[in-house]
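Two complexes are shown next, each including subunit A; its partner changes from subunit B in the first to subunit C in the second.
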Partner chain A sequence: MGIRRIFFFACVVLLASILSGCWNYREIDQVNIVAGIAVDKDENSDGYELTAEIVEVSGGKDAKISSEIISVKGDTMFDAARNAIAISGKRLYWSHAKAIIISSEQAKEGIGKIIDWYNRDSETRADVNIIISRTKKAKDILDKAASIQEILSFEMEDMISNQASLSKAPSQEVWQFLNILEAEGVMPLIPVVDLRTINGKSNLDIDGGAVFRKDKLVGFIDGEDIKYVLFAMDRIKGGLLIENIEENGEESKVSLEIFESDTKVRPVKLAENKAAIKLEVEVVVAVGEIKGYADVINEEGRKKLRGITEASLKKNIETVIKKIQKEYKSDIFGFGEKIREKFPSAWEKMRKDWENSFGELEVQVSCKARIENSAMAARPVKAGG
Partner chain B sequence: MFKRLNKKNAGKDRAVEKSGLTKSLDENVKLFQEVLKDDETLVIRRLNNKYLKSARFALIYFEGMIKPDIINENIIRPLIQQNLKEEILENNLVEELRQKIIAASDVFETRDIYQVCGALAYGDTVLIVDGFDSVLVINSKGWHTRGIEEPLSEKIVRGPREGFNESIMMNLSLIRRKIKNPGLKIQFREIGVQTRTKVCICYLEGTACEKIVEELRHRLDKIDIDGILDSGYIQELIRDEPFSPFDTIGITERPDIAAAKLLEGRIALLVDGSPFALTLPFLFIEYFQTNEDYYNNYFFGSVNRLLRVAAGLLSIAVPAIYVALVTFHQEMIPTPLLLSISAARQGVPFPTIVEALLMLTVFELLREAGTRIPTTVGQAVSIVGALVLGQAAVDARFVSAPIVIIAAFTGITALLSIKSQGAAIFFRLVFLFLGSMIGVFGIIFSFLGLIIHLMSLRSFGVPYMLNISSLKGQDVKDTAIRAPWWHMRLRPPLIAAKNMERQKKAN
Partner chain C sequence: MEKETISKGQAISLAALFVMGSTITLGTAGQAKNDLWISIIIAFAASIPFILIYTRILSMFPGKDLFEILETVFGKLAGKLLTIIYIWYAFHLGSLVIRNFAEFVNTVSLPETPLFITVFFFGIFGIWIVKAGIEVFGRTANLFIMIDLIVILLVNLAVFPQINPDFLKPVLGNGWAPVLQGAFSSFTFPFAETVVLMGAIFSLNKKDSLAKSYLWGLGIAAAIILILGVRNVLMLGANYVTSLYFPSYIAVSRIKIGEFLQRIEVTVDIVFLSTAFFKSSLCLLTACRGIKSLFNLSDYRSVVLQTGLLMSTFSCLVYKSIMEMREWAFEIYQYYALPFQVFLPAIILVGATIRKRRGKEPEEKCTTV
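Then we have the complex of A and B:
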């Protein structure tokens, strides 16, 4: 490498660093890290009220992490986000945000226009959880809840991701929401957050789902029903099934832990513009608890328990599907999409009137359960004598 | 200017050469006194034989360089006491003395006073015989060298513990003891007008590539310098790619490593007065190889080598990656880590890049201080380094704790492959500057630059990154991993051009 080449190399480096346009340099302590936001309607205009939860780190040896809430108004989301600088002094830093809470009031008017900025901006991420607040104002969730961890938004994210072993709320991230919004024959289902007062303290409670038609909220499903919705959508990862079993006139409750679940959605063509759906649910469970003395572990008991489980699962799934068909007429299960995949020509005729025909759609549910084990005990507890 | 000086010196030496010996003992002695005047360690001992009165001798040697026992018992005693009259033909006295009288292992006759002066300075004794214009040079070396010790620069747990010392003959003996095949060629050369340092080319005939040996001879012949005090002089004078921070000639202080390289077809270059043998051609991967890899279980050896390779890369890239992530790509840091870094950075007055440069400089200072200062005050460095600069600086919020961790990590990984330190420091700075200016882009660019540079290097015609771009079994065997011995069947290509096979293929 001669002098000329060194000089050439230095020039390239220098020009590349000086003439490149967008310099993204920012020190880590010079930004306000946004943990989550709540979006409300601004009562006085058609804009928004944006409430951001900002991570407050006080440095040094005993670093303390807490959060601070700031509220700003703006005509658009972007406007509100920039207006926040006036209050916080530093620019908001969005890449680590974990939750967008949208008030149900706003959700009824549509959330697509809120999500657009979030999806479009380069600093925000599309893998953020959308949550609908049941309280009147989404701001209240961030404002009034007492947090167990330091930061409410992070807590909410944990709550949603741990739903895998609870199955009482769906999860929906921004990119998933947008995919569903743009797809045909499927509607969004978004988790719901509420405040629940325990011992005089308001706590976060993520339970149930919000049903949307396009991007507008049409109603809620509570947590227990969400489980069966998730069964129908093949999104069950865990959770419990509680079954009543009678033996010798004595009633026992058995908690079954869901290990695995596989749901096959099979569209069946009935006529040129009519289809039905066959749902085949296969679930692998384990006896996790026997509240009572029923022997569900011997062969006979197992058979009986299986029958009861299959029957109640079938009934519950059918009920929840019926309810959604009747009350909300919103195809959150994506049955329309399945029909479109299998019978595209029939779908062409059905798509226009899908919202109505979904209400009439015939859904046949069949369930198969397999009881894998009985956890760490091989037999039920027997009272002495 | 230096060149002119050298020429002047060379001229002077040629004058010495020309002033030849005569047949008169007194004149010859005078000649030596003239050539070596003002050197008060010069000893001239005149003697006569008991029986042959006409025979007069003079012994010349330097005090301190010889072993008196040899001179007393093996030269002076027989010269004085033996009956030369009966045993010796006078007309061929010098040859007769060499064959029958002098009881020393290495004696030769010469007329070349330049050669004689060199031998004298190396601890030989010169015997001048009256009436002859040639002298006998008798090996009586008695200067002291360090013993054979374990090398400090290349520590191992398992393997031979002997290391080279400053005597070239001793070093050769250490190599020879390991390779007994007569194919081991040892050729001397004298380099340095003033120091007249012995340099020795060692290679295995039939295994080493003849072209590389020839090229080495050619490059050694072109050296024109006043003195060689360590093999480092030669390493730099004959290397390829003089402007690269990477070495293209390897060094080792261990005879077993030198022998292993010879067996692979490489050439060893020993320099008198230096415990570091040069080995060439040198490949990039040799920075990460140690002799212990080959003595330990191959699995363990491979793990260690992978660690070394990873450490080598990390020591270059880690500070840059940290700075780039913290100042440009905060979204790539996991949230909890981001929050702790952010907490640690609160109240620190300097930008992250300044912090990084500061701490890396401090580390280099400590390293240099640690190697340079006497061991008795060594503890002070660690106390100052660890407590004052580390702990106190963080407590006082001059620097943030993460950067101290990064600097320490960089230091440790850099020390793991100590031979590549010079290149590592250079490229670490390049990475750091570009990384702090344009983020991960800069790191990618500097990494590309590093790869391009490495790929363009050659050592004695052999590509520096030989075998690294290939995935064939015999090529990968000794790079990032160390394959089991039964699998290492072939020598590296291009280095051992003629004779590739180390083990016959089992049938």
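Then we have the complex of A and C:
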């Protein structure tokens, strides 16, 4: 009994001490936590210059979070990521990264080859935002911007996720980008970041979207137009519509807050190899501000405002679709995919020449608006006398 | 030796865990892309007649496992030959399952730990539970199926904000061919692999119907495989899913509810681990019972350690890389598995029926052995 018991305890102690450890244990002070990266073309080779924003935690009691920037070069993304050891002495830790900024110069040559490593590696997470920089070098975004929060990359992530109540930039994560890249009849649309000087400091500004054909950048859409692109894609979650209304010869501006929006994309078959798209937009708004004295609250005013809203929404959506059809010929709306879903056999005949036929695709837009409330005030302000 | 029996509920749990094992890790019917749900339903429907064949064979000889039936029906020589074939299938399948799970651990969380370490500890626990016998197996399965179902339920409730129904469209956009390929693939892996259970679950303690418990187990597993497969497509899109080795894991890692409920992918490890563990251990049990019957041993327990260690070692050698594993699992395995799952059981059923018709004498002779 004695020997068996000793043997048993020896086993327990041995297994407990061996198995509770890790094979390759890394403590947090041995890694550099990456918050985001910027990817540029390396001018001297066909490789990349990778700039990583690294989270620094300092101070014991009142811990302060700040960030530091390191730049490394490499032939491939993985090469560059590992070369960071040569500069900072530590391996990069990727699980908390929130943004990949890619320079527009590199994006024109294609971003699929940059994304591959990010999607493949087991330490990186494919649910980070891709952002295209409008500055010449993506590095400048991390290097030169003054941050309002501590970490620029986290700030950018907030800017994108809070677009729900602004709707001036799309969002696209790595895995979504890959899904779209492999799908038929839809092209990627990626948010754009730029530097804007405010009070002598450069600040980040996420506004607008970059239009892609396959994985190559073909052009930009500015923030105000993106709103109508998002309407056409049924991705509006909030934001404002500004309408002009005239009453008694006086011009007023009304800000309408979007509460709900629902867009139905209906493909219509015209011939064996021809289809059209019907967009039916239904939007629920509220009067959020009246800049002027127009009465848009009473029945007549509401009717008028509704008419104006519907007409201008229709016009703006049509204009932006026309613009993209003409200038970029890139089906970022996914109309091709909708046609494929509804008329698979017709799509078989259209798919080869979709790029050109998208340019001539007929899109009919119809809009319906409902004004739900006027916030806290039941009537417009009236000047006395 | 006393007869070891389990209850109907335990048999259902075991069968369900067995069928889920490694399929929910690797995913199934990838060929069909966004139509995989049709493939899974077809595969499940197609596997029902075969499950009935397996259980019919077992219920013709109550209390006997697959290998004893083989000897009774086909005599010493042919019986032993078929026994060797099924030992090989169970042994090989067990190794593949261990390797699938080890490869998952190795790719996702412990890339620098040698594969052998994972495999070895997996094997040790398998040996332990097989030595403990089918009764312990059954009780453990009852516990684990509850844990797994609860985890799957909770995780999938958290998925709803992130699903996109458009990912399932268009239905049959690529025609029937890929759907049928996918159905074939998920018929052989995992549904008809149930044939291995014939060597492990063959006697229930009450006069419960084996067919019912097999079918219930298979039904539960099929429902879960279907739900998880559809969820993966709804969350990630069919194109992306087919590019992944472990789609369920990636899908769960996308879950994000507010700032607090995210990165919960570790929870699916519990499900992956327990199902793969039961599947590989049941394969080990079957292989050991086969060896016992092949060499006329009195108890299978004397060969568990050796077979288990061989199985672990073999699983390290069976593929050179995860790429090979994927090619084998989704492109070659379906043809390799057909004889074990379809042709041989059909022959056994015919043989058994003839043997039964001829009279009771030969059968009674053998039962006295």
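One rule holds in what follows: the second predicted complex is superposed on the first by the 361 of 385 C-alpha atoms of A that agree within 3 Å, B and C clash if a C-alpha of one lies under 4 Å from a C-alpha of the other, contacts with A are read in each partner's own complex, and residues count from 1 in each chain.
In this text, a residue touches a chain if its C-beta (ideal position, glycine included) is under 8 Å from a C-beta of that chain, and two chains touch if they have at least 3 such contacts.
Being a predicted model, the structure only gives us computed values, none of them experimental.
**Student:** Would you sort A:44 into first (subunit B), second (subunit C), both or neither based on which partner it touches?
**Tutor:** After superposing on A, A:44 lies clear of both subunit B and subunit C.
**Student:** Could you say whether A:344 touches subunit B, subunit C, both of them, or neither, answering first, second, both or neither?
**Tutor:** second
**Student:** Counting residues of subunit A in contact, which comes out ahead: subunit B or subunit C?
**Tutor:** Higher number of touched subunit A residues: B.
**Student:** Give one of first, second, both or neither to describe whether A:27 is in contact with subunit B, with subunit C, with both, or with none.
**Tutor:** After superposition on chain A, A:27 lies in contact with subunit B alone.
**Student:** For A:125, select first, second, both or neither according to whether it touches subunit B, subunit C, the two together, or no partner.
**Tutor:** both
**Student:** Is A:65 contacted by the first partner subunit B, the second partner subunit C, both or neither?
**Tutor:** In the superposition, A:65 contacts subunit B only.
**Student:** Both subunit B and subunit C touch subunit A; at which residues?
**Tutor:** Common to the two interfaces on subunit A: residues 24, 125.
**Student:** Of all residues in subunit C, which touch subunit A in the complex?
**Tutor:** Per the touch definition, subunit C meets subunit A at residues 107-114, 117, 121, 166, 169-170, 173, 236-237, 239-240, 243, 250, 253-254, 256.
**Student:** Spell out the residues on subunit A that touch subunit B in their complex, using ranges where they run on.
**Tutor:** 1-2, 13, 16-17, 20, 24-29, 31, 33, 55, 57-61, 63-65, 93, 95-96, 98, 123, 125, 154
**Student:** Subunit A touches which residues of subunit B in the complex?
**Tutor:** Listed in rising order, the residues are 243-244, 326-328, 330-331, 335, 338-348, 351-352, 395, 397, 433-434, 437-439, 445.
**Student:** Which of the residues in subunit A come into contact with subunit C in the complex?
**Tutor:** Contacts found on subunit A: 19, 23-24, 122, 125-127, 175-176, 178-179, 182-183, 340-342, 344.
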